[in-house]
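Presented below is the structure to which this report refers.
First chain written, first letter: the chains are A, B, C, D, E, F and G, and each begins at residue 1.
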């Protein structure tokens, strides 16, 4: 397939992810949207890796996957903590700054 | 009451009304989860229902709901003659049927002031112990199957047949002998029975050895049972726990040894097993030892069987003189007693049945507080109840 | 949809279907009282071994069961649950009523809390008499049930229609 | 199409095969099976009584902690796999690198252990 | 009503009987006015009747002074003669009370229709005691024993269901066996068994011969 | 032309891709249910019965061999019930996900030099990855049933599957280090041609050098299959079958097929990784005959491994949730990490 | 090459559709399951361009582990089977606008940049990945272990406080 196709698909997924982050107020769903964004990035990495015929793309993708896993782990832990404390995972209601 | 003759619609209306009651009596609405275990659930030996409020997998509160097997024995006993009652009370603890008859007959004998001849007492005791073996064997297998090991229960069923054969050979009833009579027994033992029974006892001893190794010796079984469901002796007694359940808590009390009923226990050599731990493992252990002990007792009883009649002189139509009497024996499940109030009629005026499982189970709300769901099963299984014995 | 339900299934097919149901009866254990132990013996004791006949006593949930053996005393308090769990079994389903209590109330015929016969609530295919019936009696009941399954018309059974005894 | 992609096309075909099996069998079954609605047939099974209080308790955080541990170690395993295939080529250098890697992650396990997270409270 | 015993048993049983008397004295001592009457059948049992107000006191005393740590059971007795003529030799089916007021109580006496019975046991002395208390006809209620013996909970629920006796202070007095809307208290003597009212019991029609007994 | 050469010619001939694909699809479509049937019959029905001194099914077919076929046909006739509260789509798709996971494992399992669906460079890695898919299916089933037992079972199952996925993955690592490849075919040949400290009499079945790995693998497989002593998620005496509780008819059977199909697949994986797979240490690995003999050899080995798995199943009581987590995290995983390092050291030093 | 293009088309279409469902569906569990489809699609794309190892890793880590984490998270934060929290934001419209603008910019930047460059689907083997990782990227590799450790400890600390409180 064309490099362009891949990159465009990545862009579309990225934008969908951005929409999700902005529009959703459920913490878990926001994290899912972030996963979409990271996967869009991965697609680009792999596409460029294949384009340049190097495995560096894969290596970076692996690192991104690792980071994503860590991010989800911590993120969900925070969401769970919010839930325990507030009985809600609605991010709009969480104004930690306001106290 | 579903009297015969009501039409279909009435039936359905009736069922609908009953369904309303099947709902939880106590409305609990917290954020915890309420879980119904039973009335139809593999862990409840039939029809106990356990309503457990859970926090995660931890039990906040558990309450048994009974009565799914309530048949109204005490009321029915008031409209049946004494010999008819023994037919009925066989079915209270259906695993050790013969053992149910004995305390009732003993109570009635107390009131009538008759005593069975020695031979009858010895045979009674032997059959009593046989029903104990038949009963507890199944517990030994069942507890294993509740903990997930499928094979032992099959072995229990297999070897239990040897005992049932002997009970059947002597009494004619595989399950519900109805063999005990006021003043003695229905029949003498058949020829060759003693030798066969001794062979069966040999097999049961093998069975006990096998289980000691296969189940008690299993690391996973120990891990699942040790320290689970600990009953302190004083709490157990306050809740009315009896039998192996308190002996596993270190209470050295056995009605066979300590009771004053007319049975042959004081004339043979045996010991009472206790265990200091009071946990599920101890209960299993004590029961296993008692089963083995019972096989030795049966051997001794059969060796020392005195000759003589098996029936004392009693009138053909039994009218029990007025009075009150309570007789209790150490049944497989614990203390079982009958409090008979007689007014000199063919039927008892009032029969209070003290069944072991009812009291044994009354500790469950206390015991289950704070345990984890898998341990519910262990504790229920190790307390060993029989629904008929709870609900009567 | 529902070739068999419409009754248009060819004869050899219904024969085959009957055979499969006949030899694969997953039995939902409903032990209520004394009879439950004899049912347990039928399942568990090598002397009786109901699995020989193709009766598999595995399912713990009614959703996977074909046969329910109501074994023992049915009380008025229990009846709603029995009705519900019976209905929760998927069709085609069969019922064996085991023991006098389930058949008609048995020794508790005059009790205030015992239902006199489970057939007032759910349709029963085979009655096994006895108090409790010996394991052999239950085995015979199962063989009778298998005979009936082998000869029945699925179209009728699919509708859950009344059971015709001939 | 390259040999490589052909192999994975087979994987995709197998995926569809499983789907075909499921839908085929269920389709076949729909010809045979009855459908007989009964009033209580579709009620959730709960040992024969009405299901009460559908609430599921949220305090089962330990499931989550274990899942988290799993994710971390799964990621670790992913890095070990390529290393394992090429260890012979890397020799002692690779061994030391991986030993450090495993050691650092094992620290996490030890930490969790010491903190009592593995106790399933 | 006294039990006659054969020689050997009498000697063996004498020791427990002395203890029973001792127990009866202790109970009388602990409860004072509250202890009404006691009755001992040698070699069999000890009955003590207390007033309704001393019911919990009696349980405490038995537990603390007599060492009866084992709660055996608790129930009630309805002393009303059965109004339905259910004696097995009676053929009539008579819904009227046969002899109103002719209630005769058992051991240790009694005055009213309903009587509470409780049995406690000492696992060290291997002796039991049966404690009774009368309930006035108008007010079927008595204090709960749960604070003293936790195991009384279910027994009291059973008594509530079967006799309609209210236990003051019981946290959870619900039916234990019967469905919630069940009407009546089955163990009261005036509760009819409907199945029997449809077809009366035929009475004794067959007598079984005991072994060795000749048919005369 | 003799028969043998005809067969060899047939096998050696370049079969068109589409034709070989169809053959492979057909074979596996038959193998998975058949594998489930064989394991179900031999072990679940007969071995269990014999261990309990019973006979097991005897009526359907000779010695009850057709019992499971009868079961299958019967389940086809069972009503398909969706509980009112269930999430219909997810409820319907959950068995599919589990079955997909089972099917995909079979893709890489070799049964002969050419008797393999796809020889992937990342073979083992792939097999482990797709086997972890079933967790999602189980969680779907548990959640969609809207039943407390099911949800509890689903969560427990997922918790257990992931806990034992790790030992499974890590146990394989030792083999990978020794063979130096992820490709299952190469692992087979590495065992057939390998040497144990210079002695190549029986090749080097990794069970000998990787005994700890084999042990961990088997225990983990047992847990992955949610079999006793690790059957807490489906504990009948407790949560009535767990996530399967609301499933009827064929949908339930899919779970059953998934379980036994996966058992067979894991048995096959174990025999490939540790017992030398389809090969025999003496013999030309490239010989076409292995395409015929290989499956038979595999079957024997798989049955042997399964016998071990099922033997445990019928003997042990089940572990409690905390106990099995403890076993995984405090024993198996540290042990397998140590195993990796030790194997690595040996590999580098020797 | 045609087949690959067709495959790409199908996969891309399914992925975009599923991704849209992820961010629009009201049922969180459904969202997670749609996410599974997107992730599987990504894995398929990786395989399609020959990134075998990363593709399988995607399946193992994302579908086998991260999704499980998500599902646990969802099930532990939902109190009821049939009650769904309001998931959509009031400011839906600005979000759409932002996303569309972003998309427009990206498409504008990309659309004619790499015209007709065909990607080479020659598989890159695990060994190649490994060699690169253990030579060029050894420091990041070790850093990963520290990152994972940090994440682990962080999550445990959070969870611990949970247990205490």
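Just so we're on the same page, contacts are C-beta pairs under 8 Å (C-beta built on N, C-alpha and C of every residue); 3 or more make two chains touch, one makes a residue touch a chain.
All figures in this text were calculated on a predicted structure; none of them were measured in a lab.
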Going by the stated contact rule, which chains contact subunit C and subunit G alike?
-> D, F
Note the shortest touch-path length, in steps, from subunit D to subunit E.
-> 2
From the centre of subunit D, which chain's CA centre is farthest?
-> E
Higher C-beta contact count, A-G or C-F?
-> A-G
Intercentroid distance (Cα basis), subunit G paired with subunit F, Å = 28
Length of the line joining the C-alpha centres of subunit A and subunit E, rounded to whole Å | 74
Whole-Å distance, subunit D centre to subunit F centre, using C-alpha means?
-> 15
When the C-alpha atoms of subunit B and subunit D are each averaged to a single point, how far apart are the two points in Å?
-> 46
Scan subunit B for residues touching two or more other chains and write them down.
-> 1, 3, 18-19, 21-22, 31, 33, 39-42, 57, 67, 70, 72, 75-76, 79, 154, 158
Residues of subunit C that touch two or more other chains: which are they?
-> 4, 17, 46, 60-61, 63, 76-77, 80-81, 83-85, 88, 91-92, 110-113, 116
Of all the residues in subunit F, which ones touch at least 2 other chains?
-> 52-54, 77-81, 85, 120, 125, 146, 148-149, 151, 155, 158, 162, 165, 182, 236-237, 240, 245-246, 249, 321-322
For the subunit B and subunit F complex, residues of the former touching the latter | 33, 35, 41-43, 57, 144-151, 154-155, 158, 215, 218, 220-221, 223-224, 372-377
List of subunit F residues in touch with subunit C within their complex = 45, 49, 52-60, 64, 66-67, 69-74, 77-81, 236-237, 240-241, 244-249, 252
Would you pull the subunit A residues touching subunit G in the complex into a rising list?
-> 1-9, 11-20, 22-26, 28-29, 31-33, 35-36, 39, 42-43, 46-47, 49-51, 53, 55-59, 61-63, 65-74, 76-81, 83-84, 88-90, 92
Seen from subunit F, its contact residues with subunit G in the complex are 85, 87, 89-90, 120-122, 125-126, 128-130, 132-133, 135-136, 139-140, 143, 146, 151, 155, 158, 162, 165, 182
Within their complex, subunit D touches subunit F through residues 6-11, 13-15, 17-19, 21-22, 25-26, 28-30, 32-36, 41-47, 51, 54, 56, 60, 63, 66-67, 69-70, 73-74, 77, 80-81, 84-88, 91-92, 94-95, 98-99, 102, 106, 109, 112-113, 118-120
